[in-house]
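First chain written, first letter: the chains are A, B, C and D, and each begins at residue 1.
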Amino acid sequence: MEENSINSSGRIKGLIQDFGLPRLIITGFLILLLIVAPIVGADLPTQISNIINRFSWNGILVLAMVPMVHSGCGLNFGLPLGIISGLLGATISIELGFTGPVSFFMAVLISTPFAIVFGSLYGWLLNKIKGGEMMIATYVGFSSVSLMCMMWLLLPYHSPNMVWGMAGKGLRTTISLEGYYKEALADILQINIGNLMIPTGAILFFALLAFLMWAFLHTKTGTAMTAVGSNPDFARSAGINVDKIRLISVVMSTWLAAIGILVYEQGFGFIQLYMAPFYMALPAVSAILIGGASVNKASIMNVVIGTILFQGIVTMTPTVMNNMIHLDMSEVIRIIVSNGMILYALTRKTEGSK
Amino acid sequence: MNKTNLGDIFRRFSVPLMFVLICAVCAPISGLSPSYLANEIVTRMGRNAFLILSLLIPIMAGMGLNFSMTLGAMAGEIGLILVSDWQIVGIPGMVLAMIISVPISALLGLFCGKVLNMAKGREMITSYIISFFINGIYQLVVLYLMGPVIPIKHSNIKLPRGYGVRNTVSLLSMRQKLDNLIPLTIAGVKIPVATFIVIFLLCLVIIWFRKTKLGQDMRAVGQDMEVSKDAGINVEGTRIISMVISTVFAGVGMIIYLQNMGNIATYSSHSQIGMFCIAALLVGGASVDKASIGNVFLGIILFHTMFIVAPKAGTVITGDSMIGEYFRVFVSYAVITVALIMYETNKRKNKSRAGEELARAQEEENEGAA
Amino acid sequence: MKGQPDKKRILIRTAAIIVVVAVAAAMFVIGRGHTVYFDNKVLEYNGKEYKGPYSIEVQVDGEKVAKLKDGERGMTPTMGQNFSMDLIIKEEKGGEEKKVRAGLPLPYNMDGIIINLPALLSGLPEDAYMSEFIPTPSDEELEDEEVVTDEMEGLMNFGEDGEQQ
Amino acid sequence: MDNAPLLEMRNIKKDFFGNQVLSDINLTLKEGEVIGLAGENGAGKSTLMRILFGSDVIRETGGYGGEVLIQGEKADFQSPFDAIAAGIGMVHQEFSLIPGFTATENILLNRESKKKSVLSELFSDRMDTLDRKDMERRAAEAIQKMGVNIDGSMLINNMPVGHKQFTEIARELSKEQLKILILDEPTAVLTEKEAEALLDSIRGMSRRGIAVIFITHRLHEILEVCDRVVVMRDGVVVGDDPADKTSEANITKLMVGREVSIERVSAEGEEKKPEINEENADIILSIKNLWVDMPGETVRNVNLDVIDGEILGIGGLAGQGKLGIPNGIMGLYDAGGKVVFNGQEIPLNSPRKCLDASIAFVSEDRRGVGLLLDESLEWNISFPAMQVQNKFLKKYLGGLITWRDDRAIHEVTKKYIDELQIKCTGTRQKAKELSGGNQQKVCLAKAFALGPKLLFVSEPTRGIDVGAKKLVLEALKSFNRDNGVTVVMISSELNELKATCDRIAIVSGGRIAGTLPATVPVEALGTLMISQVV
C-alpha cells in the first residue's frame, strides 16, 4: 500500500509473482463460482450482496492482524482476547441500558479500556517469549476464552434480555441485538437495488479504520513498527525501543479485534458468548494470508483482497454446489482451503528478517 | 548454586504441585467416594495412557508437543469404522482395525514430518494447523467418499442419504473387550488387566527404543540439528521417522481409547484428543523438550482426578454445574499455556544467563586489573 | 557385499508383511460377528409340519441367552464362523428336561441368521432351518440426521460425551 | 608408492567469484609430521583446510584447481564424509558437540557400537541397540590416546570449555582410520595448563604416526611443537621452514608482509592533514575500562582516547575483540565501563543515547543489523535519522501527527545514491537486491544521513569487491575531511588501515595492545597484533 502509484507495469509483474500459486488457484476458483452461479440458477445479485455483507462483518477482524504482523509478532492467533474485550463492551453497554445505535457507540467506548489492559498484558507476555509468539498466542486465546466462560456465568449481569430466564443470572449463549445495535452501521446510507444490498455504513466504517491504519503506518511510529517487523536488530541499532513498539502493535491488534467483533455482531444480529470466540482467529488469519500477506508482511490491500476472497468462497460454495450437484461440500472445502493456506504460509521461509 | 537448583526444581514441578493442590481441595468438596474415584482413574488410565505415550517420541526428537497426533487418531477411527461395517467384532476387530490404521497413520505421519521439516522452529503451531487441515481431508473421506467410493453397507453406519457416516458409530461389539479380557477386581476397583499389559509393553518398547541407534540419533537431533548433521546423521529423515512412529502409536492408542468408550463420535472424537493428551502430559511435569514415562502416568492421575472432581466441586460451591465444567477446560488450556511460556522464557533465560556470567567474570578481572 | 544382506532383509520384510496380512485374514475369519436368532416356531417343510417343544433354553458357553416358549424368538451376538449352543428342551410344561448340544457353521455373508430350532432338532437340511434375517430399518434410522462437523464440537467435553458408563 | 608423502597438495588454486583467495599452494605432509600453519585472517588458511576437508562451501562455489594426493593417490572428496573416510580429521573452532550428551556419546556420535536387535533386519540397522560397554571402552581408548584425562561419563553441559575441546579431539582420535588431524586454533579456549597438555598430546599423536596440521595465532606454541612452520599471506605460501630455523619475529614478518598492497589513498592535490599531536589534541571520545560481552569478540578493560577530527583505526585478529568495542559502546551487546563523549558521559547499553549524542555506527553485520533487507533504499537510508532526529517528517495538528515525508526521503536517498555512486534501479529498490558493495554504501549513507560527530565503521570493506572498497574508503576519508567528522574504523586489514587512518590502535586478547601512528611499518603493527593473543 505504501508503494502505490510508481512504475505500475513493473509492479504488476511483481504482484503476480508475489501472488503465489495457492492464491491464484483460490482467485480462479472464486471467479469460476461467480460465473457458474447464474448458470446453475443462483441469483447473482443476492450472492454478491452476501459477499459484500460478509465482508463488512469480517473486514475489521482481518484488519486486526495487520499491526502484529507488521511488528514481527506473527499472525495473531490470540485474536479471541480482543474479541473478549469487545464482548465485555457489548454486554456492559446493554447492561447499562443503552439501546439503539447509541449502544454500539457505548460498546466501542467501554471495550476500549478492556482492550488496552488485556492488550498490554498480552503484549508484555509476548515480549517475554519472542520467537514463540504464535503458539502461545493460540493458547492465551484459548485460556482467556475458557476463563471468560466462567465469568459470563459469574459476573453480575441482570439485564433480562441477556441472562437466562429461569435462573435470572448468567448470560445466555446467544443474545439477540434486536432493539440494540443490530445493523447499526449497515443501516446508514444503505443502498438497495433489486436484490443487491450494500451496507454502506459498515463498509465506510471499515474504510475509516483501514485508512487510519494506513495513515498510522505512515507516521514515525508506524514506520518504526514496520522496521521492527522487518529486522528487529536493525531497529534496535537505530535506537528504537523494540519491546515498546511491539507492545503498541499488540494493543492495536487487540483493540481492532474488539471493534471487529462489535461490527461483526451488528451485522450478524447476535452476540455469541462462551465458546464462540474460540476459533474466530483462524478464519481471520487465513483470510489475510489468502490476501497475499506472509507471516511478517501484510498490507491493507491484503486485508481487502483476502476478506473478499475468503468470504466469497465461504458464501458462494454452499449455494453453487447445492444448486449444481445437491452436495454441500462447502464446509469441508472451507476447512481445507483456509487451513491449507495457513500451512502454506507457515512453511514458507520468512525472507530477510532473521 | 544450591539455592538456584532448589528453585529450578520447584519451578519444574510447579505444575504437578499446583494440580495436587487443586485435587486435594476439590476432591473432598465434590463428595465423590474414594472407590468411585479410584475406579474412574484406573479406567481412564487404561483408556488414555497409550495415546499419551505416543507423544513422547517427537519430544525426544526435539519437535515439541505433537499437536498432530490427531492424525493418528483419525486413522484409528477410519480403521474402526471399516471394521464395524465389515462386522468384525471383539478383539479380532480391534486387531484388524489396528492393522488397517497403521499404513494410514504412517502416510499421514510422513506428510506431517515433511511439512514440519519445512517449518523448522515453528513445529508446534504448524503441527497444530496440520491437525485442522487433515481434519478437513478426513471429513472429505468420511462424509463424502464413504459410501460411493469406499463401500459402506450397514445402515446403522451409513447416513440414509447414501453417502457419509453417521455422527456416532456404535462399537458395542467390541466395547471394553480388551479391558475385560482378563477380568480382575481388587477392592471394588475393576482393573483392565489386558489393556495395562498392552500399555506396559509399549513402555518397554519406548525404553528399549531409547537404547537403539535410532533413539540415540533422535536425541542428538533433538538437541542440536546442526551438529547431528555434521556428524552424518540424516536429520530430516530422523525427524520424519519420529513423526511416523508417533502417529502410528496414536492410531493404535485411539483404537484402545474408543474400545473403552464403546462408540465413535465420528466428527469430534479426535478433534480434541491431542489437546487433552498434551495437557495431561504437561500436568505430569513434562515440558516441551523433556518428557518421561513417569510424567505420563502422574499426569493421567492428576489431570483426570481434576477432570472428575472439578465439575462436582464447582456444582457444590456455586450451585451451577457449568462452572466446574468450564473450570476444568480453563485449567487444561492454562496448563498448556503456562508450560509453553515456561519453555520459551527458559530458552531466553539460558541465553542471558550465559551473558551474565561472562560479564561478571570480566568485572572481577577488571577489578583485579584496576 | 551389498547384495547378500539386502536379499535377507527383503526376505524378512516380505515374511513380515505376509504374517501381517495373514493375521488380518485370520481376523476376518475368526472375528466375523453374526447375530443369531433362534425361533421356536412351527415350520412347514416339504409339506410336513415340524412343531416345536414347549420351551427351549439356549445356552452359549454355559450362559443362558434365551428361554423360548413355543412361538417365541431369541437372539445372541456371536463371533467366528462356528456356532455351538446347548439346548435344554422341555417337551411339555413340567416335563423332563433334555439337553442337546448343537453346533453349526454360519454362512460368512449373512449378518443376521435365523435358526429354526424345531427344524434343526428334527435334523432337516440346512436350507430348511436357516434363513437370513433382514432387518427393517426403524423410522429413527431412516430419518436423515444433521451431520455436525463443527470444530467446536468436543471443546467442552474433550470428546468424552459418548461415554457409556 | 610407499615413499609417497602422506599428503601432498599440488598447485591448489581457489577463487570465490573471481576473487583469487589461493594461488599455487604446494604443501606436503609426512607421516607423524606436525606442521604449524600461520597467517593473518583472510590469508587463506581456512580455505585451504576446507579444500582438504572436502567442505560443501568449496564445491558450491565452483570447486578448486590443482590436486590433493593422499599417499600418492589423487583424492577428490565430495563431502567431509569422504575426507573423514580417507583418514582426515578436523577440529573446528566452533564446538560441534551435543550439549546433553556425555563425552563418550559425543566422541562416538553417529559411530556408536551397536548390537543387532530383533527389529534390525525388519526395518534397518538403525534399530540396532547401542553397546554402551563397548562405547565406553572405545571412548576411553581415544581419551587415553590423546593423553589428557577427561571424564567420559560427564555431560558436555557441565564441562569446562577446555574439556569440550578435548572431547572434540578425542572424537577425531577415536576414528580408526585417522591419519591427518587438522586443529584450527584449538588452544584459543584453553587455559595455559590445558594448552600445555594439548601440546603434549600433539607430540604423542605424532609419535603414533598421525600427522597434525596445527593452526594458531600463538606462535610460541607453533615453535614448541611443530616440525615445520608454513606461513601464508594473501593466498600464497610465503614461508615454509623447519621450526628450529625460524623465530617468532621471523614468522610475524612473513605474516604481515613487507610490501603495502593498497597505496595510501592520497590523491594528488589533496592537502596533507597536519600530523596529529597526541599531547595537546582535543579528546572527543574517551573510553575507560570498557568490557563488552560480545560472543566471540570479548572486550576486556579497554582504555582508548579518540582525538577530535582524526580517523582512528582499530585493528587486530578476528576474535580478539576489536569488533566488540563499537558494538559495546553503541549498546548492541552487554557492556560496562565508562565512555565520555564531548565531555559528557554516555550511558552504555542504550543505542538511543549514543545516537542522540551524535555517534553513528556502521555495523560489520550488514545483512543482520545494518539493513532492512526487505525494504526500500529510501527506508534504509532515512530510517535512523527519522527516528532519532525527527528528520524527514511533517507535522500536522500541532505536532500531534508526525507524518513520514516521503518526498524528503526520496530527495535525500537520491542525493546519497549520486554521492556514493550506489548502483541501483531506483530509490525504491529493495536493499536485498543490491550487491555487497552497494549495500555497504547504503549503510554508510544511513550513517551519513544522521550527520554524526563521530562515526564508528566496522569492517567497511569486508566481502566487497576492489572497486567498491576504494570508493567506500574514499567516501569515509572525504566525510572525515569535509565535514570534520571523527571516524573510528575497525578492520582486520592492516594495509587498509594504514592507507586510511591517522592512528591505529591494535587490539589483542580483548585489550588495546598499543596505539601507533599510521606511518609505522606494518611489522610493528603485526607484532602488536599477536602480542596478547588468547
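The rule is short, and it goes like this: a residue touches a chain if its C-beta (ideal position, glycine included) is under 8 Å from a C-beta of that chain, and two chains touch if they have at least 3 such contacts.
Nothing here was measured: the structure is a model prediction, and the numbers come from that model.
When the interfaces C-D and A-B are ranked by C-beta pairs in contact, the top one is A-B.
Seen from the Cα centre of chain D, the chain whose own Cα centre is farthest off is C. Computed from the mean C-alpha positions, the centre of chain C lies at a distance of 79 Å from the centre of chain D.
Averaging Cα coordinates per chain places chain A and chain C 56 Å apart. If you average the CA atoms of chain A and of chain B, the two centres end up 31 Å from each other.
Inter-chain centre distance (chain B to chain D, centres taken as mean C-alpha positions): 46 Å. In chain D, there is no position where the chain touches two or more neighbouring chains simultaneously.
Under the contact definition stated at the top, the residues of chain B that touch 2 or more other chains are 132, 135, 139, 143, 326, 329, 332.
Residues of chain A in contact with two or more other chains: 331-332, 335. On the chain C side of its complex with chain B, the touching residues are 20, 23-24, 26-28, 30-34, 77, 79, 111, 137, 141-145, 147-151, 153-164.
The touching residues of chain C, when paired with chain D in their complex, are 8-9, 12-13, 16.
Interface residues of chain B, counted against chain A in their complex, comprise 115, 118-119, 121-122, 124-126, 128-130, 132-133, 135-137, 139-140, 143-144, 318, 320, 322-323, 326-327, 329-330, 332-334, 336-337, 340-341, 343-345, 347-348. Looking at the complex, you find that chain B touches chain D at residues 208, 211-214, 216-217, 219-220, 223-224, 226-228, 230-233, 355, 358-359, 362-363, 365-366, 369-370.
Residues 121-122 of chain D touch chain C in their complex.
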